[in-house]
Amino acid sequence: MGYLLRMAVRNVWRNRRRSVLAMISVAMASLLCLFLQGLLGAFQASLVKNFTKNESGHVRITTKDFFQRSDLLPVDAMIPDPQAVEAKLRTSADLAGKISLMTERISFGVLLENRGMNKNALALAGEPRTEESLLYLQRSIQPGGRYIDGPGQTIIGAELADDLKLTVGDRLKVVSQASDGSLQLKKFLIAGVFKTGVSTLDGRVFQIPIQDAKAFLRTGTGAQSIIIMLNDYHDAGSVAARIRALLPDAGLAVTPWTEIGDYGRLMQLEEKIFNVLFVVILFLGAFIITNIMTMVVLERRREIGVLKSMGFGRGEVLVLFLWEGVILGVWGSVIGGGLGFLINVALHFKGVDFTSYFRALEFPLDNVLYWAVDVPVALGVVVLGCAISGLVSVVPSLRAARMNAVDAIKSV
Amino acid sequence: MSTFRGFVAAAALLAAAMPAGAAPAALSGDEIVRRMDANTSFRSIEYDGTLAIYSGETVRTKEMKATALGTSKAIAEFTNPEDKGTKFLKLDKSLWIYFPSEQDTMKISGHMLKDGMMGSDVSYQDALESDDLFRKYAVTVTGEDSVDGRPCYVLTMNAVVKDVQYETRKMWVDQERFVALRQEMYAKSGKLLKVSKVLDVQRIGDRWFPVKEEISDQLKQGSRTQFIMADVRLDVPVSGSLFSLRNLSR
Amino acid sequence: MNTVFRIALRNVLRHRRRALITAVVMMAGIGFFIGLDSLYNGLDRLSVDDLINFRDSSVKIFSAAYDADRASYPLDKGIENPAAVRGALERDTRVVAAASRTQFLAQAGNNRDTTWVIGTVVDPAADARVFELKKTITGSYFAPQKGSDRQVILGKELASKLGLAVGDTMVLAASTRYEAQNADEFTIVGILSTSDPTLNKGTVFITYDAANDFLDLGGLVTEMDVRLRQRVNLSDTLADSASVAAAVKAAFPALSPYSFQDFNKGFLTVLKQKRIWGSMIMLFILLLAAVGIVNTVLMSVYERVREVGVLKALGFRGREVVWMFIFEGFFVGCLGSLLGAALGVLIDTYSIFAGFPLQKFGSDVGAGFAYWGTLRGEWNPGSILFAVGFGIVVAMIAAAIPARTAARMTATSALRFV
């Protein structure tokens, strides 16, 4: 057997041009398959992020009481010390490297008034700097205004501003029931007006700093929810379980995004469909590798004839071609797969920002893609590439191997 | 702050003269209403009020000092710690809330008034609705019953126009004291929506005045609101200038 | 040139096996590209169709006065002459049906708890022609009944929140048109389960027969919804919606008609983003196909360098030789691309007319989640032409590159090439 392998190696390097061409093609096919897998994953992650960033994040921590009554957005069911909870999560070894962002949020219904006109609205309170990468409302701010850069400021929706005849520089008068049941009023300076093109945001919502909300609602340090974004949204279930284990007593509800609202299930359905898409792409890649190898073998029918006339048995010829196919496949898949994997890793950490392509779209979406890195899939692609190369090198040679030597030499 | 008060205040105009010689026991609806009105109508009133909002097992309590002139002007200042200094001003059909911390007012208007005040079962509209009720209902005596051991006339009131809150109301009026001890508010379909009970009646001068009332929403279990008036002073001299936006910030 | 052309053609026919191998890989690559491109666009169509069939229809019409105040669900300022509007709509060939609806704010309860909901009053017969809610109902749709019956259909999440099932009574409390409080008991005839959480959680449906009595409605219609003819491509669907809305506005200036895109701006923005990313994916798939094409063409050209030597020895100039190979690339490219287009169109035809039912995907995603829909494709002649052109061009370039190297060799070195 050893001699067949050595022959195979020599054959491969003897026909350098053909071999290099085959190897590069296999490499490119493997690379593109992996690259596409990373892109599909990036795409999916972005969709999940955009669907969850406004309400729940990938994992949401609230009190159990709040979770029951979440429809009413109660302000008297706060997590008493969210900073302590966050600190605990940050220092936990279990969660190291999984969490990319943690922040507090309060959302509550209010009554607004200007010049005798009333309007019901929804206040979104968060840490302004952090919300630049979550709510993204700063992207939709109309010229003439700016984002929040200090306490006591707000950005309001364009339709809201219209309905109440307010503009940048005016004061927004807000009344709400605080956590102790008292009525409170606060005025915010309108720093900017945002226009997303969506009525539910533009007509109903305004953003304020969470410190102001806490003071206004008399919650002390309490917040309604802690929003957690993860590096990999697939971890949501397991991270939620781990957090629950870390915070056993406090009457908190830790919920992954898949269990909040109905969109989780829709996303999962989309993911399944994307997996099917990837399998189809793999088939295409496999088919292309098949084609490459078939070409290689068919060109060498005459060689098979020569070998047989030199006394090689059918089995030996087949094994020889198998080895050559495997060598080409291994080199191609490993190099292509390896490169593809490295590209995915690089784009995973760096991300590609498509914001400039989407400038025309006013809706506050996250437009940075982070390629997905999946080691088992990468290994699978490499193994698949090698296996197919080997397999496909054998099958067409079967026919040639069965021919008698003279006919084989005569074939073109 | 009860719905019947405004109703009876204006019902005084309805009081047709009783035909001479009418048997004292067979009082007509209008006469009963006239006597109720004699008890509860006032030129002015001052009191310390307590609003207790029950929702299942939790209760929120608001305390206030209130002053009203007739039925169209009222002002109340909250004295419970969380709301201390917050004031409500009612002028005819408009409502303002004053917040001492910001020294600013918010006006509540339009359909906002239908919301329950501070989560209670009394809507702003219930509290403000007053004078025209008599015009909207036809009153008949439909029987006698007893409430808490006190014999009462049962009055049934049916709406005669479309734009009333409740299509039908039933009132149990204390035969001796002419105070409505119980009221039931019905929807058009006949479904009972709210029940109002008077839990305490005080003798002030020569009237009987209800000072403790409880309203409960029949569609939500465990949801009721109590209103208690203490230190009630009727027809004291009250200055009209008290009821102004300017006065709120003093 | 003519000679070279004919020689190239004969060469292709002579080396049939090689041509076929190249053509096959092109067919696979281009065919799958076209099919996937069509299905990818079809994916989004599922969500759009859900919105159209269950919640928003293709065109939503309010009176302009109502539209200004829509957020508070007033029971006045309705559409003045709904019959006239409906008549005008149904005369439009693009319109299949139109139905009146009225929205109101209410509280739904079970005599213990209440929760705010949006009530929708429907005319069952007309509504069933415009919306497909019937399909998603457990229990039954509204049964035709005379008089002021009290039937209600509500969403699954709402029903489970109130602990109610088909056959139970639900209390509905609302303000009538004249602002009187009314509350009544309604019998639950059906529970609906759609892919729209707002429908499942916060909406109840009652009939006009019931509402005219319960809300003193007097036949008030606050909106009209329209079903348009089915179109294969999303862009056509949206175009129809926009033009019908415009036609309504022109005929009835006091109305505020909304096209689907006006009513669902945020959703369509996300869709746009998905399509842009989708094009990226498709481009890379095409690149993958190109790898296969380039490889096979290169290999076959390199095998024939000795032929080049023969040709040059016979007197052909280098340029003519290169053109011969380019023409061969062209022929094989045409064959492969057209086969690919045929395969692609076949896949498209199947996916457009038969489609891929998604019920089996939905069944194991979450408990009790009913996912409706058939994944269908869309016609994208632009993609088809692009792919075909791409294939031919790549084949020609792939042939040209080694041909130029070979053509530059001297005849003798070419003859000795291995």
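Letters A, B and C name the chains as they come in the text, with residue numbers starting at 1 for each one.
By our rule, contacts are C-beta pairs under 8 Å (C-beta built on N, C-alpha and C of every residue); 3 or more make two chains touch, one makes a residue touch a chain.
Because the structure is predicted, anything quoted here is derived from the model rather than measured.
Q: With chain centres defined as mean CA positions, report which chain is farthest from subunit A.
A: Result for the farthest chain: B.
Q: Contact counts by the stated rule: is the higher one at A-C or B-C?
A: A-C
Q: Counting in whole Å, what is the centre-to-centre distance of subunit B and subunit C, each centre being its mean C-alpha position?
A: A distance of 59 Å separates the two centres.
Q: Nearest whole angstrom, what separates the Cα centre of subunit A from the Cα centre of subunit C?
A: Inter-chain centre distance comes to 23 Å.
Q: Which residue numbers or ranges of subunit B touch two or more of the other chains?
A: None at all.
Q: Sort out for me which residues of subunit A touch subunit B in the complex.
A: Listed in rising order, the residues are 111, 113, 116-118, 120, 173, 175, 177-178, 180-187, 218.
Q: Residue numbers of subunit C touching subunit A in their complex, please.
A: Per the touch definition, subunit C meets subunit A at residues 17-18, 21, 24-25, 28-29, 32, 36, 40, 43, 71, 115, 195-197, 200, 265-266, 269-270, 272-274, 276-277, 280-281, 284-285, 287-289, 291-292, 294-296, 298-300, 302-303, 358, 361-362, 365-366, 369, 371, 375.
Q: Which residues of subunit C touch subunit B in their complex?
A: 72, 107, 109, 111-114, 171, 173, 175-176, 178-185, 214, 216
Q: How about subunit B: which of its residues touch subunit A in the complex?
A: My answer: residues 53, 60, 62, 82-83, 86, 97, 99, 101-102, 104, 106-110, 112, 118-119.
Q: Spell out the residues on subunit A that touch subunit C in their complex, using ranges where they run on.
A: Checking each residue of subunit A against subunit C gives 17-18, 21-22, 24-25, 28-29, 32-33, 35-36, 39-40, 43, 46-47, 50, 71, 196-201, 203-204, 261-266, 268-270, 272-273, 277, 280-281, 284-285, 287-288, 291-292, 294-296, 298-299, 354, 357-358, 361-363, 365, 367, 369.
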